[in-house]
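Order of writing sets the labels: A, B, C and D. Residues in every chain begin at 1.
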Amino acid sequence: MSTQVRAGIFGASGYTGAELVRLLSGHPHVALNVLTADRKAGQSMAEVFPQFTGRDLPKLVKIDEADVGALDVLFTALPHGTTQLVISDAFKKNPKLKIVDLSADFRLTDPDAYATWYGHEHQALDLQSEAVFGLTEHYREDVKKTRLLANPGCHSTTSILPVVPLLRTNVIDPEHIVIDSKTGMSGAGRAANEAMLFSEVSEGIHAYGVGRHRHTSELDQEYSKAAGHEVLAMFTPVLAPMNRGIYATVYVHTRGSSSPADLHAVLSEAYKGEPFVQVLPFGQVPQSRHVRGSNNCQLGVVADRVHNRAIVISTTDNLVKGASGQAVQNFNVMFGFDETTALTGSALFP
Amino acid sequence: MSTQVRAGIFGASGYTGAELVRLLSGHPHVALNVLTADRKAGQSMAEVFPQFTGRDLPKLVKIDEADVGALDVLFTALPHGTTQLVISDAFKKNPKLKIVDLSADFRLTDPDAYATWYGHEHQALDLQSEAVFGLTEHYREDVKKTRLLANPGCHSTTSILPVVPLLRTNVIDPEHIVIDSKTGMSGAGRAANEAMLFSEVSEGIHAYGVGRHRHTSELDQEYSKAAGHEVLAMFTPVLAPMNRGIYATVYVHTRGSSSPADLHAVLSEAYKGEPFVQVLPFGQVPQSRHVRGSNNCQLGVVADRVHNRAIVISTTDNLVKGASGQAVQNFNVMFGFDETTALTGSALFP
Amino acid sequence: MSTQVRAGIFGASGYTGAELVRLLSGHPHVALNVLTADRKAGQSMAEVFPQFTGRDLPKLVKIDEADVGALDVLFTALPHGTTQLVISDAFKKNPKLKIVDLSADFRLTDPDAYATWYGHEHQALDLQSEAVFGLTEHYREDVKKTRLLANPGCHSTTSILPVVPLLRTNVIDPEHIVIDSKTGMSGAGRAANEAMLFSEVSEGIHAYGVGRHRHTSELDQEYSKAAGHEVLAMFTPVLAPMNRGIYATVYVHTRGSSSPADLHAVLSEAYKGEPFVQVLPFGQVPQSRHVRGSNNCQLGVVADRVHNRAIVISTTDNLVKGASGQAVQNFNVMFGFDETTALTGSALFP
Amino acid sequence: MSTQVRAGIFGASGYTGAELVRLLSGHPHVALNVLTADRKAGQSMAEVFPQFTGRDLPKLVKIDEADVGALDVLFTALPHGTTQLVISDAFKKNPKLKIVDLSADFRLTDPDAYATWYGHEHQALDLQSEAVFGLTEHYREDVKKTRLLANPGCHSTTSILPVVPLLRTNVIDPEHIVIDSKTGMSGAGRAANEAMLFSEVSEGIHAYGVGRHRHTSELDQEYSKAAGHEVLAMFTPVLAPMNRGIYATVYVHTRGSSSPADLHAVLSEAYKGEPFVQVLPFGQVPQSRHVRGSNNCQLGVVADRVHNRAIVISTTDNLVKGASGQAVQNFNVMFGFDETTALTGSALFP
């Protein structure tokens, strides 16, 4: 391809922003023309993230200073709630723009669900109906056509991939799904915060958002859609002392004559040929470190000692498949590039 | 009390052994006369654990060299399977001895369960019937009278304390208990092992023993006893990148008209006045780091968004309340000392 | 002793404050009557530090609300710069008060040095002349008599203990002392700070305050005093991904006919009988984890391959011997208690 | 280039082997045809390193089973001492082979130095004279021509890059160079080893090989060569609780009228245009995490408070620029590829 896609990142000074820069720097068809950062405007990316020292990157500017009209694609890595107005404004300035939104603003198709979980009315309902929930493996055809891609949450991505095929094929009991989803610290972002200081969170572990974490709403939406009726799983996120990684342990009961091995067969079939989802041999347990830095999701199915129960395990890197990597994957699909472009790197282990 | 209890530790070169030394060094009524270590016999404790440099401690000897007849109490911190013969032999040499066993050898009262979970017949069945399962809070009266104390496992202690009162009072559904139990690395012991190298297990997380971890048998025994019928919870241990701490997230369904707040009330009542179990205010989430180095178990109950479901969280330090601290607690009860002697230290945080 | 010393802690919501509470809770002669915390006044200690759940502790109040007149001893764990005014005021209200100050405000005896390193004139010069630099092992007799104890910095404590005896005995070249001092994160305190987020500082290492860290001024003062002339060592602090621990690698050249073994002999002699300083056998290398949670300083001396050079290593827990433990040690000396009271706990390892 | 270079890796089950696989998998001109692993022969790479699940890689075989004649390049990632015989044998079977050796066997040009530091006579002296010390930036022309490349050690690479230009230009005092070199755990390799268990080495720090680490010999060789006379720096490696990263703090005295800023100028000039060495602005302090996973070396120079002293800091990823990345860099030079091929990835931070 001779011409480059002109790309911008709104919110380049956060962790998902930096991860987009890391990945897109290796993309042969992307020109990274605009990087914004609110409080750090005026600085270079290398000042904000010294790992980019020596890279040829545009200076950080404020959103107001960004020329949206000169972009083909915009990645928004901004806080929830305010993003919808920024996107609304960007489309007004450039209706041909394609946007990959890493916030939660357009993930929920039901306005009431949005209002319930986020505590305020949605302010760009017209756009919400256009948005596609960008779990690429499940919505690839829709992704191709949309101009507004709602990139799923990190916990959601990790827990939708293993469960939706099981619900679709009716091999598990939708009433008794329990998900314990461990996450690394980078998901909490870069804002100064006593609760995320090294000394507060190293050498220990704890749950958070128990009984009410917002990613639950994405699970409800996708699980219910897959089952054809309302499914409300139990879901608890747990903060583990590591930078990266989501590790979901999913407890299920098989249905009818289905066995744990059948669940494994369903997942193997569902993700056959998918470049970024690897179903490990039946009984093998994934480890989050084996997907670190990669766009991979590794899945495992293990039989419980009680015959009709199984433990399904799913792991991703929250900043890659759980955020910026999946964003690039969706971008590739939206622009007709090979879906794996810039995403072929192996995990960094150890 | 004017005289000292003459104590020995078999297996002092492992982590639970060292923790016993740390705690018993601060016990005003204990004389630590014997320390054994198989491969490290002949060395001083300070050579094996430099934190004890300057402490007045006996040299490490082999078990054969230990004079069991000159002991009042013996703590056994040896591998599972071989301990039963060592204990059998010790009682032959000194029938008045009291033993606190930190291995799994005498925890299961049912010989068949033992054979099933440990893969061989028990070799000291006569003693097994004497043994008391040393979850102090639940078996205090039995502990007072026994000469053979089977100290519970770290996962078991942490998951029995929050669940047994709920089963006894019939406020939860015994058919749908799911336990995701995160643990630090020190539980894996000090043996050289590729899988436990820093580079293998830091910066990541993974489940192990999925569907078949041996501590499950202790849960089965105690849960079933509490419910009055067989209860088989789903239980998965998960290895987190930290030294110490067990953190169990327990998913339950309330029964009848019970609410999550009722569960909290049951636990508050059950542990009222207990020095080592703290039930946090309803809705507050414990953190493993807040019990680190202490003999405490902190419990929390949080309501799920679905009204008849709750998340009960329990955390301990696997080397203290999950092993050596509970061993000292049981020792105190067995010898009539104040139960908190040598165990009053606050957790080390940060 | 029948009566209790009535104690207060100003700044109880920081890490050194919490560590004082942990240690003093185990002190048989201390009644902890006052705890202050600026922004967290009104809360209980258990809310701010859940490890104290169940402990009988006074509620947090503002400094203004504290009745200084009803205290025998005050521990100040407040930020540098403002502490001098707080202390000045406290002495006005209660001249018989004894104060153990954990800030840097009274550590430098030379007002010019203070102004240079801290960037402003000292505002309580009259008190500064009363203050005793509380490195207990070196100033025990002065500590006994003072009412204002300036507790040394964590880096300073760790680097003064190994070097001062060598300078006093003239066995090393004072012109070529290099100190690389690694520290854990808890020394940075509990204030919300982007630079100290887990994701910023885990899985990596870096120097800070290079060439100009304020603790250097304490080294200059004590080294020069020991040598009898100005000594300006090279000193660089390095932030390591751990909670606790200072680990100073000190590079020295021996002087005249002195050998590395002579250095070891000097240190062994200097700290003979000291309860909290352990000189390891010649050639043995300390590890910071073996002093974690204890008031110990472990020292090692190793010969370099070049005959007249040696590496001297010193390690402490920055929150204990480097701060709150040494504060309690000084308190014990000031009030005539056994110096080890409440400080006999072994290190927590693993 | 139409044809692929046929490559083999001897020792693919260790960390440097896995890192070679990670990097070479992304190399457009390499066919990875042979992977060996002694004890794990017969397994797939995905079994040994699950991050490679789904990658098309040859099965692990024993060295004896490898067809060396069908290779153009061989990477040896085997233990020191035995490698020299393996390489000698490989050249006999295929004299046209090019070998990149990641062991220490051919790094020292002086046979006596080898015998002294490694404790035995070298067994392939004829080959040693052919070997080129592969610090690419300094020996690029030699690298182009050799068939036996001795890849430098991780500590050596990190400490040679900042110091050699300073010695060559005579701006520092060669008699007083002190290097404190912190390293992550992955450098210790994957062998089961009590001393490298997570619980032994997390949450703490310690020096090792003090006064006698073998990488010192590489510094001696290169420093002396640069200065034109014998230079024996003080060098201490320190193990930090992280997977990856070398972080060398180098303490120097400037010479004559040179200032710390002059040192910075020398380094900036020396590495101008180098793709993998970044000299940060004068006074800026590097962090190891900003090179993690990349082939970069970041250098910083900071003035000490005493005018003729400076702290020079250098950091690399021990598995990339300190091992496998530099190996690929050298391979690129040896085969005439662009030197940055397969090495352009940014560091993974956080």
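The rule we apply is simple: contacts are C-beta pairs under 8 Å (C-beta built on N, C-alpha and C of every residue); 3 or more make two chains touch, one makes a residue touch a chain.
What you are looking at is a predicted structure, and each value in this text was computed from that prediction instead of being measured.
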item: Chain separated most widely from subunit B, comparing mean CA positions; value: D
item: Chain pair, A-C or B-C, that carries the greater number of C-beta contacts; value: B-C
item: Subunit A and subunit C, separation of their C-alpha mean positions in angstrom; value: 45
item: Centre distance in Å when subunit B and subunit C are each reduced to the mean of their C-alpha atoms; value: 36
item: Subunit A, residues touching no fewer than two other chains; value: 15, 185-186, 199-200, 202-203, 241-244, 286-287, 289-290, 292, 349-350
item: List of subunit B residues in touch with subunit A within their complex; value: 176, 178, 180, 182, 199-200, 202-208, 210-212, 216, 232, 234, 236, 238, 240-245, 247, 249, 251, 285-290, 292, 302-306, 309, 311, 313, 315, 349-350
item: Residues of subunit B touching subunit D in the complex; value: 15, 184-186, 188, 190-194, 196-203, 241-243
item: Subunit C partner contacts - residues on subunit B that touch it in the complex; value: 15, 18, 21-22, 25-26, 49-55, 185-186, 202-203, 243-244, 275, 278, 280, 284, 286-287, 289-294, 296, 298, 319, 344-350
